[in-house]
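Each of the two complexes below includes subunit A, the first together with subunit B, the second together with subunit C.
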Partner chain A sequence: MSINIWSILKFFAYVAIIMFFLFPIAWIFNMSFMTNDEILRKVPVLFYEPTFKNYIGLWEGEIAIEGFATMYVYFKQNLINSAILSVGSVSVTLLLGVPAAYAFARYKFKGGEDIAFTLLSFRFAPALLIILPLNLYFSEIGLYDSYFALIWVYQLITLPLLLWIVRGYFEDISPDIEYAYRLDGHSWFQSFWKISIPLAKPGIAAASLLCFIYAWNNFVFALILGSSQIQPVTVGALAFITASAIPYGLIACGIVVSVLPTLILALFIQKYLVQGLSLGAIKG
Partner chain B sequence: MSHSKMKSAIDTFLKGKMSRRDLLIKAGKYGIGFAALTKLMGMQVTSALAAQDFDWKKHSGTTIKLLMNKHPYMDSMIAELDNFKALTGMNVEYDIFAEDVYFDKVTAALSSKSSEYDAFMTGAYMTWTYGPAGWCADLNDFIQDSNKTNPSYNWNDVVGNLRDACSWSGVAGDVPGAAGSKQWCMPWGFELNSVTYNMRYFEKAGMKPPGDLVEMTDQAEYFTKNAGSNEWSYGIGTRGSRSWATIHPGFMSAYANYGLVDFENNGGKLKAAMNSQASKDFHKQWVKMISSSGPANWSGYTWYEVGNDIGAGASAMIFDADILGYFFNGNPENKEAGNFGFHGFTPNPSASAPTPNVWIWSLAMSNFSKKKDAAWYWMQWCNGPENAMAGGVKHNQVNPVRESVWASGDFDDKIRGTSPGYMEQYNSSIDGSKIHFTAQPLFFETTTEWAAALQEMQTGSNVDETLDKLASKIDRMMKDVGLA
Partner chain C sequence: MKINRKLFPYVLTLPALLVCVGILIPFFTAVYYSLQRYNLKMPHMKGFIWFDNYVNIFTDPSFWNTIRVSLTYTFFTIIIELLLGLGIALLLAKRTWLNNVLGVLLVLPLMIAPALASLIWRLLINPNFGVVNYILSFLGLEDFTWASHPDTVLFTLIMVDVWVFTPFIMILLLAGLRSLPRQPFEAAELDGVPEYYKFFRITLPMLFPFILTASLFRLLESIQQFDIIYALSQGGPGESSMVFQVSAYLQTFQYTNIGKAAAMMVVLWAICYFLCHVFVQQWHKLKIKTKGELLQ
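After this line comes the complex of A and B, so read on.
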């Protein structure tokens, strides 16, 4: 049996590529079980006794440094805040964005394209440009520091994204299928609910996941428009860095925990995600 | 019975008639632990304040809200906050943000004229923007009003240089603290820029801490060259990120020690002075030191990296905030904790004493607050003599801004017991310490440009040409706002 040199090279190339992309993630995961002393050695440590101290500290929110101080972390609350803000934002976006996307895809009405582009233009405006006026108005009308207000503002990020992606999927679905269903005596809403939405499900799932990621990763809106009680993980994670030490183990632990929700969500809707992305790929 | 005897002993201690050691012995005799003792002391201080001829309960029931940076000073304040609540009957809410984003939050709150926060932490430099913009209140209106300020507050107990540094007339080029200045903030804690060094490493190398900048460069080079077989990685840690924060610590302290200035002030018109011949010579020496013996990725270095490296034993010494060394030395999570020595540093061989540039964590009052008088009650308690003493002795409120705390035997014992050379460093540096920058509204823009120029020089750009370019760029910036 002759050895196929190309197969071997290909194998090593795959390993190298996987290593390149996964090594930082694997190393962060590794760090989350190490002490600061082990992480900061001049020569990196490969074999060590794993510790759950970082995870316990993160969960309990209190890390006592003997003879010095007690460090308080509010990461659990930050995580809950991120979940509320992201799930809330995506839910509102789905509620408003899917019917709107359908309307833009199916009906031609006066000013329709202008409205669609206006919505898209929300994505063009740098957040910093609008954040100060928003802060001013929100303080005036008593909306500062509320989940409701932040979910509302997050629509600037999530709604145009979902609307424009899902619009494309609705446009790809032949209206004849809907007409046929309605000829059977079903209402417009029934055809939308039973035909259009199931057919566009992969696109809606892919767009929802993207919206969730954008909402989860948002930093500036909550920072400016909310108190420390409603800050998401993106802002809360900064509090790990203190004037007297950088607890890298704890930071790594925070990264691992904050990546998990998106990872789990992506795994659950992976099937739709692949369908959704490939549908988009063969368009036109 | 033992409780009342202990209260009487604490009373005697607070009056200065009993040593800390005797107090601890008495506490042991009455079976009172350290935690209970500190709580009792807090209560006793509160009772003493309440007994003053001052209506501490005037704003009872009022809630104020603070915007705070995550910092040991803030931890120290929160640890004592119940005493304030008991004293005044007021409620205090606070928002805490990490320093990386803290000033964005403050700027957003103030620029949108939000009344959400009544008082906030700030640096003196920031008030050069906030004050003239009308965002923070002039605290002279409160400090000088005996109806609003308790009789034992004693403003003059706060180190004079620091009081001055927190005030300014708002006229570019005017010296902070000069006649006509407004007190935009009050000092709460501060840092002097000195040398913190790893005593183990220096002992191993048979060295004493550096006498001047040239010796510092030589020592740093020695450590870097001999890093291979030793625990350390390089000689000297300083900040290097493209930010004003790179200029204000060690760099500005050394620059001022050579008698150099950032601007020449010609009757209110400012001219950049970074390209004088003496300044160019100084920059060459500094760049040589950083290039040959600084950290490999120096251009990303902030407070955290500098502290982290000396804490982990990567650097042999740092020229940065004394409290940076103090905090990292005290935190046992850092590998080299407990091994640091402190040294008042005079970079210029011709100078007689150190001239550290100071950073002052201060307290300011929002001009948009609807509860200014109540906020002032919290402020005068927070940096009042009793709380400053509690912060300095019981917690990590270091460096304290009150001379009475520095003069206290308890504080002296605490610092000398943990931080060799720290008190000597303070005593040799405090007189020459102040804000050495020219007060002007473009402070952050001009110092950031300066840091960018420093980065260019460190990567090999010609020092003379880079400084000439920097000076003309800054002159243009000043001209654009009518200051040149």
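After this line comes the complex of A and C, so read on.
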């Protein structure tokens, strides 16, 4: 009897969890295939003719709205911006972060822990504290509204993340392998490039994908430091929803297109997610 | 090319250090601004006023409101996410196909940008066509005011935060649960120890380092949450959802009072810096623990 009650409770728990966490995503996907009329019905429609009009409109940047003239949306540019900013930030992070992560893992040097901690504390510093003065600086030296400036600021989140995750992977490699290779007459750089990096490769790959996701999802940096010309999808979608007269289906479609890349990437790094999210403390 | 062995690690970290310095400059600038009377609309009034900005914000009832709202938000998000995350982790601990699939799918909200998560929920709770309102109307809850009323706006924001970040706690605790050694449970099984006793005396204490690390991590993010709140309520209605960073943002861009905004951010930074220290200590402990168990 008691087993029965437990399994019924468990069943409801599963249903509630799936409803709360997954239904919103499913419904937004659903909305993106609806026309405005279908969305605006008081009783939600479940069966309808799915339309790709929203997606086509979003891509072409032109939508005809009844009662209004043709409307122009620039969401494609937001998508391109997101891609440039995320790929750019991850590349810079890899270049700066991997050697540093190696140094923190392999050498005990004076101030090393302090530097590693300072870098991590940036990740947890209030973003506005650093962006406000930067905003004024950038306006003065003409860097406001440039990809370069934004990518540099993005290092605030991506660099500490990569550094702390990859550091853990380097720590797991036995230094003896490197010594053995170097005793054969290879230079430090050769052993770093041919031994250490390939061994830490899964970690580096997972960390950079996670960095990509965090960069893609960032909102506040571009909100303050960029004009609409270089703003990513997160800011673009908000402008979308606050602008009047844009059909709701199109907004939903914009959101779907914005979240799809990170959702797909998340499925790829499934195995490494725990290790990445815990900054390397927990093995998944 | 021979580089001094002692200098070598510094050479490797130099590029990262340069970024470090590049970020420390604006940081110190912000601290400097916080000691100035600095309003963009009144540039001629600019001047050094020591701690007047701090005195100002701490005697300002609206800043105390900001502190109260931020702490309420942080407290409820952490508690709910922790309980829910732990509950789900326990539910999914056994490796069945359903649990494995759910373990993958439930992480998805965490991968959505918090700002976009807010927008998703804005569409779901829209007073005209929101599907959640429609579902709630069956439960007798009609015309729930969500973000448009001071009494319900915090609830709405906390709900979105819970939606996004519960998976974070869940996935870490799930990994923690699955990594626990089996022997104590087997021994308890043999002795016929009741379930609740096993949970409170074995599972929970062994899981504690994981719980602590995950909560500290969330605590650090939650107290400075900006994206979710800005995209959903912008601190309103009135000042009912005004948290630290949204308040500082409005101070800067609406009232152009840079000095005051900087002072607020320095206060928040001090809190976060302290929490970050605690977090890193716990993180190290957890790391040693999990590595130690791997050696067994």
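Please note the rule applied: the second predicted complex is superposed on the first by the 233 of 284 C-alpha atoms of A that agree within 3 Å, B and C clash if a C-alpha of one lies under 4 Å from a C-alpha of the other, contacts with A are read in each partner's own complex, and residues count from 1 in each chain.
By definition in this document, contacts are C-beta pairs under 8 Å (C-beta built on N, C-alpha and C of every residue); 3 or more make two chains touch, one makes a residue touch a chain.
Nothing here was measured: the structure is a model prediction, and the numbers come from that model.
Visitor: Should A:245 be classified as contacting the first partner (subunit B), the second (subunit C), both, or neither?
Guide: Touch status of A:245: first partner only.
Visitor: In the superposed arrangement, which partner chain does A:227 touch: subunit B (first), subunit C (second), both, or neither?
Guide: A:227: touches subunit B, not subunit C.
Visitor: Per the contact definition in the header, classify A:118: touching subunit B only (first), subunit C only (second), both, or neither.
Guide: It touches subunit C, and subunit B stays clear.
Visitor: Using the superposition described at the top, determine whether subunit B or subunit C touches more residues of subunit A.
Guide: Counted on subunit A, the partner with more touching residues turns out to be C.
Visitor: Please indicate which partner A:37 is in contact with in the superposed arrangement: first for subunit B, second for subunit C, both, or neither.
Guide: Only subunit B; A:37 stays clear of subunit C.
Visitor: Based on the superposed arrangement, let me know which partner A:161 touches: subunit B (first), subunit C (second), both, or neither?
Guide: A:161 sits against neither subunit B nor subunit C.
Visitor: Examine A:144 and indicate which partner it touches, taking first as subunit B and second as subunit C; both and neither are also allowed.
Guide: In the superposition, A:144 contacts subunit B only.
Visitor: Given the touch rule stated above, what does A:102 touch, subunit B (first), subunit C (second), both, or neither?
Guide: A:102 contacts subunit C only, not subunit B.
Visitor: Contacts for A:216 in the overlay, against subunit B (first) and subunit C (second): which applies, first, second, both or neither?
Guide: second
Visitor: Quick check for you: in the superposed arrangement, does A:129 touch first (subunit B), second (subunit C), both or neither?
Guide: In the superposition, A:129 contacts subunit C only.
Visitor: From the superposed pair, tell me which subunit A residues show up as contacts to subunit B and also as contacts to subunit C.
Guide: Residues 40, 42, 131-133, 136, 223-224, 235, 238, 241, which sit in both footprints.
Visitor: Would you mind writing out the residues of subunit A in touch with subunit B in their complex?
Guide: Against subunit B, the touching part of subunit A is residues 36-37, 40, 42, 65-69, 131-133, 135-136, 139, 144-145, 223-224, 227-229, 235, 238-239, 241-247.
Visitor: Mind pulling up the subunit A residues that touch subunit C in the complex?
Guide: Touching subunit C from subunit A are residues 10, 13-14, 17-18, 20-22, 24-25, 27-28, 31, 39-44, 95-97, 99-100, 102-104, 106-107, 109, 112, 115, 117-122, 124-134, 136-137, 152, 155-156, 159, 163, 168, 213, 216-220, 223-224, 233-235, 237-238, 241, 248, 251-252, 255, 258-259, 262-263, 265-267, 270, 273-274, 277-284.
Visitor: With touch defined as at the start, can you tell me which subunit C residues reach subunit A in the complex?
Guide: 6, 8-10, 12-13, 15-17, 19-20, 22-23, 26-27, 29-30, 33, 87-88, 91, 98, 102, 104-116, 119-124, 126, 128-129, 131, 134, 163, 166-168, 171-172, 174-176, 179, 210, 213-214, 217, 220-221, 224, 226-227, 230-231, 244-245, 248-249, 252, 258, 261-262, 265-266, 268-269, 272-273, 275-276, 279-280, 283, 286-287, 290, 294
Visitor: Quick check on the complex: what are the subunit B residues that touch subunit A?
Guide: Interface residues on subunit B, with respect to subunit A: 70-72, 75, 95-101, 104-105, 108-109, 111-116, 231, 233, 303-304, 307-308, 311-314, 323-324, 327-328, 330-335, 396.
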